[in-house]
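Encoded as structure tokens, here's the structure I'll be asking about.
Here the chain labels run A, B and C in written order, and each chain numbers its own residues starting at 1.
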Amino acid sequence: MNWGSLDNFLAMGGYGLYVWGSYAVTLALIVAELVMLARRKHNAVGRIR
Amino acid sequence: MIAALRCVIVRDLRLAARRSSDVLTVLLFFVIVVSLFPLGVGPDPKLLRVVAPGVLWVAALLASMLALGRVFAQDHADGTLEQMMMGATPLGLVVAAKVLAHWLVTGLPLVLISPILALQFDFPQDLLGVLILSLALGTPILGLIGAIGAALTLGLRGAGALLSLLVLPLYVPVLIIGAGAADAAASGLGGQAQLLILGAMLIVAAAFAPWASAAALRISVE
Amino acid sequence: MSVNWFKYSSPQTFFPLAGRLALGFGALAVFTCAVGLYLGFFVAPTDAQQGESYRIIFIHVPAAWMSMFLYVVMAFWAGIGLAFNTRLSGMMASAVAPTGALFTFIALWTGSLWGKPAWGTWWVWDARLTSELILLFLYFGFMALQAAIDDPRRADRAGAVLALVGVVNVPIIYFSVKWWNTLHQGASVSLTKAPTMAATMLAGMLVMIFAFWFYSIAAVMLRARCIMLERERASEWAGQYARGVA
């Protein structure tokens, strides 16, 4: 799939908002889950000590 | 054993008769909720005729959920539940008996008053039979499934709201099929298929739900 | 050769294993995700009907698939815990739930964003999206019930009953919603009917399913470790671990 230019890639044939909106939110949620897990572990370890 | 179960049912009915305000509140809630919908969506009779089965079903669902707190809570509070759990009669059967009594007192009145409310929505009179039958088959299912939720949330703080969250997803198929029966009848397809499925759901629920409730009761009362 | 199945059934022995699994599957997840996205964006062609908007499928379908798969996994561990009275099984079920709920939400979000260009509305009451919505409520119910019960043992067992009742209901819910949908919508196409897929589209989607699966394993392992540390905080091994993590 040859996009031609970065602009074309970002525009996604006019559907950029929907496609990148989906991917961005997914990435954000996964990062949030991992951050929350890290914090939970930190709290758990802190409670033991 | 039949005598013991009859005893459970009669006892529950007597207790409900003494606390009739509980029962009437649920019925009144049903009536009020049904009356709210036209106020919300407008009095256009064509629209109301279309939404009548759905509205009645959703209201019956909400009223059933409201009533669920009663199934085990009182007996749990005064220790009778533990006695029942230690008794000779299988707990699943005791639960089934309690759910039956609960339905007689909270579900059946809804079924009986539903034709009057349906007429408020100008629902065709010849289709009332399907609507009443769908509620008559559906409300016991709601009670049986709801009892599982009531058993799981026994004694918890915020049990009422939590119970609703637990039980609503499980109610969805019953709602879809139940409201669908009257809808199908209204659109000329006939509601037999849905009513048969409701009947099947009732049998399956009656066979399995009391045992799930019994297991949940044992977990909650320990 | 006899396998000692029970070696890892205690939190103490499972804890380090979970850590290694999390690391391994996390790395695998990153790798497969890279491959999947490359296939999805640089190999798969433009769709004839939906243009570029279909590329959301590389997240939407894997997320929906994981959301349902994880619910079954959760019910499985809950059932094992209930049947064999093993602590760790209950912890695993509790560890799976939030990740499952996350993927359900992602499936709903991406489904909505896919539906807008395809059908013109932000929400479509098609069978899959409606079932996903109810699945989200099932996950929330499980998590809320466990949060409301203080005693971990009662929480595990009550959650298990709920999860098992739920898993039996999921197919019933799906079929009743599907029926409801076809009765009411008639001819309109639903999101469950994907466009006839080119092999490259299918490949990208399958690779992304694996990516999400590997990620789920890693996340669940990490959460299981947290749960173990929280519940077993009075034990010897937890104390040693905490002191070691300076």
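Here is the rule we go by: contacts are C-beta pairs under 8 Å (C-beta built on N, C-alpha and C of every residue); 3 or more make two chains touch, one makes a residue touch a chain.
Fair warning: this is a prediction, and the values are worked out from it, not measured in the lab.
*Asks:* Just list the two chains that share the greatest number of C-beta contact pairs.
*Replies:* Top-ranked chain pair by contacting C-beta pairs: A-C.
*Asks:* What chain is most central when centres are computed from CA atoms?
*Replies:* Ranked by how close its C-alpha centre lies to the overall one, first comes C.
*Asks:* Report, in whole Å, the distance between the mean C-alpha point of subunit A and the mean C-alpha point of subunit B.
*Replies:* Using C-alpha averages as centres, the distance is 43 Å.
*Asks:* Compute the distance, rounded to whole Å, between the mean C-alpha positions of subunit A and subunit C.
*Replies:* For subunit A versus subunit C, the centre distance works out to 17 Å.
*Asks:* So the centre of each chain is just the mean of its C-alpha atoms; given that, what is the distance between subunit B and subunit C in Å?
*Replies:* 32
*Asks:* For a test of understanding, state which residues of subunit C touch subunit A in their complex under the given definition.
*Replies:* It comes out as residues 41-46, 51-53, 55-56, 59-60, 63, 98-99, 102, 105-106, 109-110, 113-114, 116-117, 215, 219, 222-223, 225-226, 229-230, 233, 238-239, 241-243, 245.
*Asks:* Over in the complex, which subunit A residues touch subunit C? Could you list them?
*Replies:* Residues 1, 3, 9, 12-15, 18-19, 21-23, 25-26, 29-30, 33-34, 37, 40-41, 44-45, 47-49 of subunit A touch subunit C in their complex.
*Asks:* Contact residues on subunit C for subunit B in the complex?
*Replies:* Contact set of subunit C toward subunit B: 134-135, 137-138, 140-141, 144-145, 148-149, 154, 157-158, 161-162, 164-166, 169, 172-173, 176-177, 179-180, 183.
*Asks:* Could you pull out which subunit B residues touch subunit C in their complex?
*Replies:* 148, 152-153, 156-159, 162, 165-166, 168-170, 172-173, 176-177, 180, 183-184, 212, 215-216, 219-220, 222
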